[in-house]
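Written below as structure tokens is the structure these notes are about.
Order of writing sets the chain letters: A, B, C and D. Residues in each chain are counted from 1.
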Amino acid sequence: MFFASDNSGPVPQPVLDALTEANSGYTFGYGAEPLMDEVRQRIRDLFETPDAAVHLVATGTAANSLALATMVNPFDTIFCTPCAHIQEDECNAPEFYTGGAKLTLVGESDRMTPETLKTAIESQGNRGVHGPQRGAVSITQVTEMGNVYTLDQLRALCDTAKGYGLPVHLDGARFANAMVSLGCSAADMTWKSGVDVAVFGGTKNGLMGVEAVVFFNPELAWEFELRRKRGGHLFSKHRYLSAQMAGYLRDDLWVDLATQANTNAAYLHAGMKAVADVEILNDVTANMIFFKAPRAMHRHLQGNGATYHVSGGSLDHGAPEEHLTGRLVCDWSLPPAEIDRFVSLLNTAKK
Amino acid sequence: MFFASDNSGPVPQPVLDALTEANSGYTFGYGAEPLMDEVRQRIRDLFETPDAAVHLVATGTAANSLALATMVNPFDTIFCTPCAHIQEDECNAPEFYTGGAKLTLVGESDRMTPETLKTAIESQGNRGVHGPQRGAVSITQVTEMGNVYTLDQLRALCDTAKGYGLPVHLDGARFANAMVSLGCSAADMTWKSGVDVAVFGGTKNGLMGVEAVVFFNPELAWEFELRRKRGGHLFSKHRYLSAQMAGYLRDDLWVDLATQANTNAAYLHAGMKAVADVEILNDVTANMIFFKAPRAMHRHLQGNGATYHVSGGSLDHGAPEEHLTGRLVCDWSLPPAEIDRFVSLLNTAKK
Amino acid sequence: MFFASDNSGPVPQPVLDALTEANSGYTFGYGAEPLMDEVRQRIRDLFETPDAAVHLVATGTAANSLALATMVNPFDTIFCTPCAHIQEDECNAPEFYTGGAKLTLVGESDRMTPETLKTAIESQGNRGVHGPQRGAVSITQVTEMGNVYTLDQLRALCDTAKGYGLPVHLDGARFANAMVSLGCSAADMTWKSGVDVAVFGGTKNGLMGVEAVVFFNPELAWEFELRRKRGGHLFSKHRYLSAQMAGYLRDDLWVDLATQANTNAAYLHAGMKAVADVEILNDVTANMIFFKAPRAMHRHLQGNGATYHVSGGSLDHGAPEEHLTGRLVCDWSLPPAEIDRFVSLLNTAKK
Amino acid sequence: MFFASDNSGPVPQPVLDALTEANSGYTFGYGAEPLMDEVRQRIRDLFETPDAAVHLVATGTAANSLALATMVNPFDTIFCTPCAHIQEDECNAPEFYTGGAKLTLVGESDRMTPETLKTAIESQGNRGVHGPQRGAVSITQVTEMGNVYTLDQLRALCDTAKGYGLPVHLDGARFANAMVSLGCSAADMTWKSGVDVAVFGGTKNGLMGVEAVVFFNPELAWEFELRRKRGGHLFSKHRYLSAQMAGYLRDDLWVDLATQANTNAAYLHAGMKAVADVEILNDVTANMIFFKAPRAMHRHLQGNGATYHVSGGSLDHGAPEEHLTGRLVCDWSLPPAEIDRFVSLLNTAKK
């Protein structure tokens, strides 16, 4: 019962097969291999953009930081939510890659609104040279709390950014889960909504470690390439990134994986929502569930083999009835039987 | 006949097998997986250091830059040769990761001597706060020109560095090729010679993209871990790095691969050295050959399917008899028949 | 009636005299001039620390950023209030000088409390390598809202920082005003309270542009010197910084200046507090007054020659009765007659 | 007999007077004071450029580094000579301000030629993303060895740079000395020759610490302003920089000062060149003399009160007849009698 993260499970067989298939003969590296041509074309087709620039890196932190560094100046500030991955979980990588840009936090939840975004933007960039300049807006889709912005919401945020002339970055570590949840196209969720640079994440949806950075304005991309090399993120044997991504894109494998992950979460959600003492905290339309439950219940679950993150207090110490927050992330590979076991434990615990 | 680089060939089957084997079940990532414990122990055993800190990254540029950033201050200078990878081929990554340290070039060839190193060190660090401070010495083994420092030479360089209190970094992108060439132990070629931090490269010797950074003084390693995360170089699904490195270390696969690559080069060398008009420029004891030959000969070779880098002038334009330099890199996987074909072309050409 | 800032007035005659006096003959520069020996000794005596390291720079932003860069790592976070000068008014200089450290905002006002500081510290440094590490605490005395921490409050904040092993930086741009307000010694307000590195500001208290950075632990100071040079903040003709600071320290000129500035503010305060519709927002014990008053009143004041910053809305547009916030900063040189005129205008306006 | 540097002498009276004159009343700072309008206009007139952007900083290192950071990307390289101030004497400030750009050394002397510059440029920027990109060319006039490029030489270097599309930075720490030496206009020596950004140095020619950075293309200047603030180099009491520069420009004081300094050097040179055993190493047309003389002669000079830098060996230890290099820098304020004394000592020594 491993719900700790969607970076904890195995890689689907077609991706391994693609690696094996790519593993013969000699080729130039650094993205000059023919497989990258296939990947580039597939992603352009997917995003309905004949000339988008597409580059691969191996981690989400690299994808976000390099994209943002290409979009902002060192004397700028980036607007993101207080729980954004770039703020909370990248050990100052955005500051490092941008050369010292600041992050200005928008609102108090995982979801920006045009109002909170506007307030944040207005709070900066009005002190001449004394404060940082307004740089870019970074939106995370699926949010870190498992919520999915609707297309209308996305568009409204991008419109707000555009009203100030600011470019928009999409942290799409769970791009596929969001897209499947919305039932929209990749183009809808990005440039048609106003996104300028999108991270099309593969790692949390089945790859070993590949993220595509898609520039809808290809003029920025050469700078990205230089920054990627300078950051040590250009692979010499790049074919092994390309192969993973090619396997991911072929036959819409990536859509199937995300559909499976979301379905797992919906199934888990269905089993949880009837349980007394359990409060679901987010809209479960992607692959994550945040829930509040008594400490005793968490202890029962984890004591019986469920693995997931708990926040809001110590699991071990404190009143049994105090409520703590659990985060459940459903991988594409999660066996339904494990979900059943988890729900069954929940039902046992509550008595 | 692909001699362009040792990052152009396939990955050996045991490494693919290790990936497949690692690809089941759930695990914590970021290096907390049991496979990394195996890797750490194997590398400690290999280096005969019970408490060395061992960390993996996916590229050589990351390994070098992160290691150096841990070793020097932003107001320091690093000593390396003019053709060092950190100087020539990392697009300012060392400057980026160190926060702006300078590189001071030692001598005029690919090999430092205690004298050239001493001269370079003496040229810096003597202007108080006005010039950069002396930071670290970075030695490349195998050098970028295919030469291998003897243990005595290595020790003399490290002694020179130590005489000034400077730590030594070893860029071991071709660590295995050098070690096999010298017939020494990993410990001999590193800490026993005076190296403080070694990059134990895997990518150029058969892996998809894994380098181990080994700190013989583990106190620096926590800073390295933070810098690695901040650089976006910590893999969430770290098991796929560990698996590759584990497969590489088991049954001394890595030694076999390097032995094969060096043997290929020796075989090629044997075939080349008798050819008139061909001048071998380096000591061929590892897996690279630099040679001078007339333009016409290079054109004959490349026109018949040999792929390798040529420098010193245009392949296409110029006098047929002018000598250009070719670089031949032998991969572990190179079929002897390809080498035979190459030598045969050389012999045809010269007539 | 210039209340816009304490960086808008002239320099006192003894400082000009000290410049003139220093302006003869030849001397080594870069701080090696005898005048700097005098400055160092005077500051050590003042702080009752025989071995503190003392260095001069010309701007407060340089003093703060260089000090902090010496105290924290690039992967750390600095704790400061949301209105701290380092957060609001230095255009990302702290991020630049530290190599990308983050600033974590403490509480919601200009004054930290041990509780808000503790909450902020606890919010960081608990995610392993994923989030930034806890770096340093930066306290501003006088605060940006004109308040002065008591010695007990300062000590409590330093104790909180020390409880986590964090060093404390004091942004003392208005050091003298605070010290005079508290009636304490320089030692009391710094190392005796737990401050590790203090900026002893001179620019806002009468100098053309000189700040002393005082390291109570001199071991950090060599790194500071290198960072100062690397930042372009080491003056070749350093004697002109030393001369200003020497003139400032001789005969306790600096105490007289701050006393005068604080007295001016108290006198202004006395005149303002009886005025209806005027609400004083801070404790006026140093040289700044923040007050709320109707827009019409602000317009009356500024229309008749009072110069000061207004926030909370447009001065020109909006309802006359709406309250806006004004900031009045009293320079040492402010003539009492100007203060009388201002108060008289206030009294006229209210009718 | 202080020949150690042109940053060791006093400031001329008119500059002190300008400071005193500026020291009354209240004014907005940060360059918004009326005195800066005067300075800007005077510099535009001087350079015959109605719309050049002009900004002041207090040190040459700041001027150079901030200008270069505005001109190049972090993944670029800057071309300069091996003895350039930005390479030798700024403790990695250019690397810091540019975010890690590299410096590529041109030729082996203090003077570039179109040929050595071309060779250096060709050595970079031809390895795709692997090496740094070609950034900017930085020319020092007067060179660090006291030589002055002719206008033809300057133009040829700029033409070479322009042939590669590279902008040109002029390190004009001794701008006035060069201009007076050439008898040309400020425009001739800058934009008319092809310079894009010039540092118009004042500190080495009589100011306490002010350098003007002049952008002939004003579009870059806003970024410069932000970088200046971010670097802590924007003075709040900016009037005291403006006042110095205004005093320097009024009545061509700056030309008089440089003329005096150059005349002093010429007079010294005249006295030296007849002395046996003394070899003059540079063209003495500005204010510096490099000379070779026996150790015994240097010891005689310094033992009798001459102060200047010696390189090439220890002053104290070694054979009396071994030749060491001395550097003599003539300040505008140097009394002729001191020069006479120095020459007389030289003549005594030789016997």
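For the reader, a short list of remarks on this structure follows.
FYI, a contact is a pair of C-beta atoms (placed from the backbone, for glycine too) under 8 Å apart; a residue touches a chain by one contact, two chains touch by 3 or more.
From a predicted model like this one, the values you see are computed outputs, not experimental measurements.
The greatest centre-to-centre gap from chain A, using C-alpha centroids, is found for D. Centres computed as Cα averages put chain B at a distance of 42 Å from chain D. Annotation: 34 Å between the Cα-based centres of chain A and chain B.
Per-chain Cα centroids separate chain A from chain D by 51 Å. Residue positions of chain C touching 2 or more other chains: 74-75, 90-92, 96, 99-100, 129-130, 226, 229-230, 234. Taken chain by chain, the contacts link every pair, so each chain touches all the others. Put simply, chain D touches chain B in their complex at residues 74-77, 88-92, 95-96, 98-103, 127, 129-132. Of all residues in chain C, only 30, 73-75, 99-100, 129-130, 133, 223, 225-230, 234 touch chain B in the complex they form.
Of all residues in chain D, those touching chain C in their complex are 2, 4-5, 7-11, 16, 19-20, 23-29, 57-63, 65-66, 90-93, 96-97, 203-204, 208-209, 226, 229-237, 240, 307, 331.
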